Structures are given as structure tokens and as C-alpha cells.
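Letters A, B and C mark the chains in the order given here, with residues in each chain numbered from 1 onward.
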Amino acid sequence: MALLEVRDLSVVFRRKGEEPTIAVDGISFDVEPGQTVGLVGESGCGKSVTSLAIMGLLPSRGVDVSGSVSFEGTELLHLSQRRLDERRGRDLGMVFQDPLSSLNPVVPIGVQIAEVLQRHRELSRKQARSEAAELLNRVGIPDPARRLDEYPHQLSGGMRQRALIAIALACRPRLLIADEPTTALDVTIQAQILNLLTELVADTDTALIMITHDLGVVAGLCDEVNVMYGGRIVERAERHALFTAPRHPYTNGLLESIPRLDAPRGERLVPIRGSVVDNIPWADGCAFAPRCPNAIEPCWSVTPALVADDGRMLRCHNPVEVPVTAGEGVR
Amino acid sequence: MTSSRAAKIDRLAATAAHKPTAEGEPQAGGNGPKSDAGVSLAASAWRRLRRNPMFLSGAVIIGLFLLLALLAPFIAPHDPGLRLLQDQVVQARNQLPPPQPGHPMGGDQYGRDFFSRMLLGSQQTLMVAVLATVIGLGGGLVLGTLAGAFGGWVDTVVMRIVDVLLSIPSLLLAVSIGAMFAQQSQFTVIIAVAIVQIPIFARLLRGTMLGVRESDHVLAARALGVKRRAIVFRHILPNSLGPVIVQSTLVLAIAILDAAALSFLGLGAADDSTPEWGQMLGNAQDFFDSQPHLAFWPAACIIAVALGFTLVGESMREALDPRQRR
Amino acid sequence: MTDDVLVTVDDIKVHFPIKRGVLLDRTVGHVYAVDGVSLQVRRGETYGLVGESGCGKTTLGRALLRLVEPTGGSVVFDGTDVSTLKGEDLRRMRRRMQMVFQDPMSSLDPRQSVESLLVEGMRAHGLDKGKQATHQRLKELLAAVGLPESALRKYPHEFSGGQRQRIGIARALAVEPDLIVADEPVSALDVSVQAQVLNLLEELQDEFGLTYLVVAHDLAVVRHISDRIGVMYLGSLVEEAGSDELYERPMHPYTKALLSAIPVPDPEVEDTREQILLTGDLPSPANPPSGCRFHTRCPWRQPARCDTERPPLREVGSGHRVACHYAEEILAGTITPHEVEPELAQS
């Protein structure tokens, strides 16, 4: 049985006097113990909302969450607030994009970590404190004993993100969700944090859901990658398969539109035309159809289903042809 | 030294300064409504405002009182200065003319028709409030623009003066200013109330302008080589006015209360032949035991008008708040 | 070299005073945002400036346009010393050097329609010659950046991010500049839209013979668009080379680390590449390390000299400059990297 099973998860935002917005539109995926799964997509594709829904962090008013999220057989969506609070932190940890706003600015780092330890692992104050120092040391914060008494604003962005990871890992969760954990950081710091995450996940056999817009981050980190567009998964594949032979025109378009550091110079980028505002509703066809270079007649009238195709899942009427020299990559 | 009031004004200013960055992300799912062509910010704020019940009720209240003030000379049944019911006033026993046919609210201590005085009092009260606010706004705009546009020592000098004024409780300040005039009149009330408002407007405008001055679009205008005057008057000032305009409707409410308080304390016009609600309220206190309705009506009207302006002001602030925009 | 140089920056410095005080502000220190940078931008080329946040790249770009007052040094633009220009002369000069901003929303006045945004610069420099001609020019500008004519009457908030950036570019183009400083022109945009704007910038360069100074943190973007690249660290240039040369033969340890830190969307590359992980944080520009600014994080640091002597930017090959005492030795492999104890930034 998978560690986390997400089935047909949908999130609809309802605002008074406005059309409801479907942020997540029936997505399903599994996370096996110790596995790293990527959710990739641009802003507005529903990847962050998915993570909030799994964690039960969406506001209850004005938001409809349906489907099922089962963690080790327990349905999380119908759990009472109290039971959910118990699970969060103990079984499920989360790391957010902006480490400064996710930490309480008026409480020292050490107290914030110790709090989690005291609550979920029932350690004494003293034990919690020394354990907190141990955790800070493990996430690579130098001089941890002194850092315990410092406030979030006294740490740099990278150090704050490390502290946040320390809090998320404090109770040795089985699953860690990282929502754009390195977007606010510089590249050299990003490399440090990604390295840290990889190491920690490997050492503790924690499963990781990595949510990002950066295909480069996913390429080196994730076992399986889900590409999201307009609230649905449009392609899912093992990372090597996905990057060497992207089949969905959106995945392919993303890969062709980003400048690669190792690409020969002078090569023109192939942008995806238009922007997300051009999308058509999934109910009418394929949301990506207006921007798709491969769009054919059915794309505008028939909703494509997510079907298995040669070891991957694909939601497309007219996928990109598998290149003849698949081994060498498409570019 | 800066009072909590100053801090509150600065907070208000800060909400406006962030305006340009608070832009909605692309609609999730991409099925959000597309906007119509050529809708300016003001127009879209107005569209939201029109549907807001808070704004509508405030506007109705203000509209009613304005209408009343305009029509007062025509609908008032009697001349407010005439002592029609003087024969019913018995000074010794504190007895005043009660409500009676033709005089629905009775008469005051000189036997003048109270209902007509209430109607005509709306003119004075609204005029004082509006004039005081306009003068206060004008002064605040000048000082705030000076400080916000030039910065440096001009800013320091202006803001220190403003801080000193803000640190004095507003009513105390108004009373002191009002008392400085040799002869109290409606005019001195207006000036006193206006001066109290100037530092509020100045500080608010200056704070907003400082934020806008640092924004990218002003930098862009500088990079384009637009002249300094044009940058201040085309870019910085118009983008800083939102909170000030909102504040002015709120200040209108305060001005009505302050003006009423000054009149109540006897710092208004010595001659009470032209009625004013605050003054009427003040006069009514001597007869509160026997004739409580004389205090009730002016007080109720003052509260109602102030409430109207507050409702409009608050809903305008909500509508112009960038975080509310979709 | 016989290249036609458009901009010469000589030892430019921007130090922001740190002020404290209740009544009278006292200067208690300086933030050394840009601390002595010299570079040349040739006519028609794209010069890319990369570095991480706080390295001073944005400040350098702005100082070059005199949007920030340089504390020292000079900027010579096409024979004119911009750093000494004042008042009206400076304002006129601005026509020839324009800027494209990172956040296309905040850099467009929300109260102005696209038409008035575009006309403003033209008017400031007397380029609006008659209603007919101006309208024609506006049409050309919109066509050049790929927006429909109907955009003129709309307001910035009615456009998507990519379209807003096009408006920002059109505004810069309106005054017919020679140089455009683009500060993170695509980093606020969605990945799929970034390519549109990058391609547009390239097309416009060919069409109007523009010179670009592109300031960005993303080395992949900078390498794609630039002819030459300067790498900045803590207010100074640590390496400068042609785009391909820098990628193939990086010599400064910081450049090496930066290149190795950028994830490539290719699992094969990711699985095999050798990472140079830097430890610790960027030191505070208010309190920069002595000697080589990078020595606190440098895996190749050598005793004594790196801590005390600030390496000058020196020519090591044709058009390749590097500020490292041991660049050649590192390239030859005679000095090997070692562990670095992380030090925290002191602020």
C-alpha cells in the first residue's frame, strides 16, 4: 500500500458574487514510502493548493475540497481538526516557500523547534532543547547552541529555510511536503538546501513531495514527476523518461522554452504562445488547446483523459512523437 | 514622542504605498472572468463600491441630510429666529413650550420653533464640517506635498511641527485655537476644526508619497527623463491621494462632532439666531430633566450624519484597498 | 581592440550611508553596494551582469543610469561623462539610456493608460511631433513589441505579466535609446512566458541596433542572451569573459560554484555533474571581508594572501578578466579545493 494515496482530489474556491474557481480538478497520485514525487507547473496550476489540501490547511469557508487523501489508510480529509493537528507535525511535515513569514518573528528559533518536540514527542523542556540543537546541527546550521536563542530575522534566508526544515523534520515525519522551498533563495544557497533535502530524505527514508516551477530542480531530485496544467495532471513519468522524451506538448513546450545553461549559444528559444488567461475550461476540451502547437480538432471539443501510455500517464489527444533517437534526448 | 495616532496614520499610508505590487496572480485554473476593455483603477473601485450595502446606506444617509439642508428654507414651517411661543416660557419654573400642533418639537428657551431650528441647523452643521474638512485637506495637501516631494530638511521641519500638533488631543487643540480668537463665531469654529485636521492629512499624504516615490514606476519616469514637476504632480501625487480622500470622509464625521463640541462648550457663534446642532445640544442641557427631547434630536442628527460619512469612508477605503482587488 | 565602446565604467563606487539617530541622523557606517567596478560595454552587444542578491548588480545598473548617485568613479557614455552631468543636461541624456524593470506591474503607473505611458517619455524629450505622427509612432511601437493596437486605451492591470513587460519595453523604446539596462527582465514572469520576452529582446536588438546591459541572477538566462558576462560578488566584478568562454573555462572559484549550482532540466546531467557546494552565507555588504571578498567561502583559499590582499581584476586571456590570485593554478589543478568551515554573516 502506498504511503499517501490521493484520489480524485478537487478544490473549488467560491467567492460571493463570483463564478467558482476550480483550482484543483480531480488529481490522483501515490507516494510510496521513501519516494520523492515532484509536482511541477506554473503559477496558478494548482500545485500549491494541492499541498495545502493534503495538509488540511485550506480555510473551511468558501473552499470545497472533495475526493480522498489517504495516509497509511487513514482518510485525512474527514479527520477532525484535533486528530489532524496530531498528524501534522508528527506524520506530515511541510516546508514553505517563504521561510520568514512561516516562522514566528517574536519567538526564538530554538523555542519554535522545541515546541513541536514537546508537543508531539512529549519530551521535557530540557530534552527538547538539546534535541533542537541537535536538529539545527543536522540541517547544517553552524554554532547551533547559540542559534537556538536567536530570532528569525537574525538569520539569513538560507539559514531560515534550514531552520524551517529542522522544524518540519523534528518529529521524523513519514512524509515531507516542500512547496517551492528554494524559490526565494539564491542559486548557491538553493544548491545547499536541495543537497540537504536529498541527504535527509535518503537518511531517514522520508517520502518527499517536491512542489516547484523549476524543471531543473525536479530533474535531479524526483523519482517520479507530475506535470500539472490548469488544475490537472497532464503528464506523469519517471524523471529520465519525462525529460528525455516529453510527450505532452506542454511539458515539451516548457523544456524548449527555458534557456539551458549547457545549451549551445545562439539557439533560439521556442516559447509557448499566449498565457494561462487563454485557457479554455477542461469541460469543453483541453485547457491547453489555445496555446498548444499540436492542437487538433478533438482538443477543442473532447476532454482528454489521463491514460497509461508506454509506462507513463498522459492526458493528450495528439502527443509529441517519440523521437527516433530517444536515447540522445530531443534537443 | 510620536503619538499612537501618528502610528495609525502611517499604517494607513503604508497600505496604499504597496498598491502597485499587490497584483492578482493569474486566475487559478484559468477560468477566471476576463476584464472589460479600458477599465481604470478608479472605475473598477467604483464598480465594487456600487454593490456594497455599507456604502449605499452611508450614501443614502448623507444624501437625505444634504437634501434636507438644501430644502430647509422652503420646508421649515416657521422662521427659526422668531420667538413665537415666548408666552409659554416660564423661566422661573424651567418650563418650556411642549410639542403641540404646528410645533411638533415644541419650542426652545426663547420660545422659538424647535423643528424649524433643527431643519435649518443642518445647513450650518454640514457647512462647518465641509468647510473645515476642505480647509484642513488643503493645508494638509500643501504641507504633505512639500514634505513628501522634497524630503530632506523640509520634510524634517514639516514633520516635527506635525508631530507636535498630533501629540495634543484634537479637541483640546481645537478648544485652544478657538479660544485664541477675540470674538467667537461660526468662522472661528471652522478654522479651529480645520487646523486640527491639517497634521492628520499632512502626515498621511507624506507617508503615502514617500512610499510611492520609491516605487518602480516613479523610478521608471525618472529614467525616462520626465521633468521633476511632472513626476510629482502626474505620478507621485495622484497615486498618493487615495488614502487622503478616504480619510477626508472620515474626517468629515469627526469635524461634525468637533464643531458640535466647540459650540456645545460655548466657543461657537455668540449670536444664536442662526441655529446649529451642537449649540442647540449645548443649550438643551439646562432643560434635560424636563425636556429631554431637546437634547435628543440634535444629538441623534449629529450621530446620524457622522455615521453616514463614516460608512462611506470605510467602504471607500475597502474598495481602494489593493488587497481587496481581484 | 578596435571595438566601438558605448559605455565605459571606471572604478564606480556606490556606498550607501547607514544612518542612526533620534533627532539628527548620524552616519554610523556604509553599505558597500558597489565597490569599484570597471567595465566596458560595446555598441550593439549584450553585456550580462550576474550575481546573487546583494551583490550590487542592480545598484550598478542604476548607478550607470544615474538613478542612484555614484559615490565615486565615472561613467562615460558615448564620449560624455554622465557622472558629472547635472539638471537639464542629465535629463536630456536619459533619452539615450533606458531601463526595463523586473516587476512589470509596479513599474507601470497603475493610473495611466498604455497610451499615456508611452507618450510620456516622447513628450519629455520633444519627440511627439503632431497628433498624427505620434499615433503612427505608437502603432509602430506596439507592433514592435507584439501588442494589438487596442492596447492603447487599456490600463496596466488589464494585462498579463508577459504583456505588461512588453509595455515596459515599448516605453523604453519610445524615446529611441541607444542603451537599455534590463534589470531582471524575466524573473517575475512564468517560465513559459519568459522565452517570449527573451526572444522579443533579441529581435528588438537586431531591429533597432540596441545595446543591452542585462542584469540577472539566473546565469542560464544571462548566458543565453549575452555576448559577454560579468560575474559580481559583494560589490565587485570577480570575473568577466565571453559567454562561451565563461561557461567552458570559468576561472574564478565563485563562478565555478555558481555554474555548478544551477540545476539543468536533464536528469543525465544532474546525476553526473560535479557540484561545488559553497558553505555559509553571503557576508554583509556593510561589513565585507578583508582581502579577497570571497575568501570566507572559497574552497581554494590559500593562507595569508587571500585574507589580506584584495585581488585586482586582471587580464588572463583574450577578453577574459578574473580577480583571483590563484586563477591559473586553480585552472591547472595545482591547487585543490578543501573543506571550508561555514561562517555566518554578521549583520
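Note that a residue touches a chain if its C-beta (ideal position, glycine included) is under 8 Å from a C-beta of that chain, and two chains touch if they have at least 3 such contacts.
Going by UniProt, the chains are A, C = Dipeptide/oligopeptide/nickel ABC transporter ATP-binding protein; B = ABC transporter permease.
Note that this is a predicted model, so its numbers are computed, not measured.
S.K.: Which chains lie in contact with each of chain A and chain B (ABC transporter permease)?
M.R.: Both-contact set = C.
S.K.: Which two chains meet at the most C-beta pairs?
M.R.: More C-beta pairs are in contact between A-C than between any other chains.
S.K.: From the mean C-alpha coordinate of chain A to that of chain B (ABC transporter permease), what's the distance rounded to whole Å?
M.R.: 50
S.K.: Rounded to a whole Å, what is the gap between the Cα centroids of chain B (ABC transporter permease) and chain C?
M.R.: 49
S.K.: Using mean CA coordinates as chain centres, what's the chain A-chain C distance in Å?
M.R.: Comparing mean C-alpha positions, chain C is 31 Å from chain A.
S.K.: Pull out every residue in chain C that's touching 2 or more other chains.
M.R.: 160-161, 190
S.K.: Can you list the chain B (ABC transporter permease) residues in contact with two or more other chains?
M.R.: 26
S.K.: Residue numbers in chain A touching 2 or more other chains?
M.R.: 43, 275-277
S.K.: Write out the stretch or stretches of chain A touching chain C in their complex.
M.R.: Residues 42-43, 140, 142-143, 154, 156, 158-159, 186-192, 194-195, 213-220, 239-240, 243-244, 253-263, 265, 268-273, 275-277, 291, 329.
S.K.: What residues on chain B (ABC transporter permease) touch chain C, complex-wise?
M.R.: 19-21, 23, 26, 35, 37-42, 44, 215-217, 219-227, 230, 234-235, 238-239, 325
S.K.: What does chain C use to touch chain A in their complex?
M.R.: 52-53, 160-163, 190-196, 198-199, 202, 217-221, 223-225, 243-244, 247, 257-271, 275, 277-282, 341-345, 347
S.K.: Show me the residue ranges of chain C that touch chain B (ABC transporter permease) in the complex, using the header's touch definition.
M.R.: Counting only chain C, the residues touching chain B (ABC transporter permease) are 62, 65, 67, 91-95, 97-99, 101-103, 105-111, 113, 120-121, 124-125, 150, 153-155, 157-158, 160-161, 168, 171, 175, 190.
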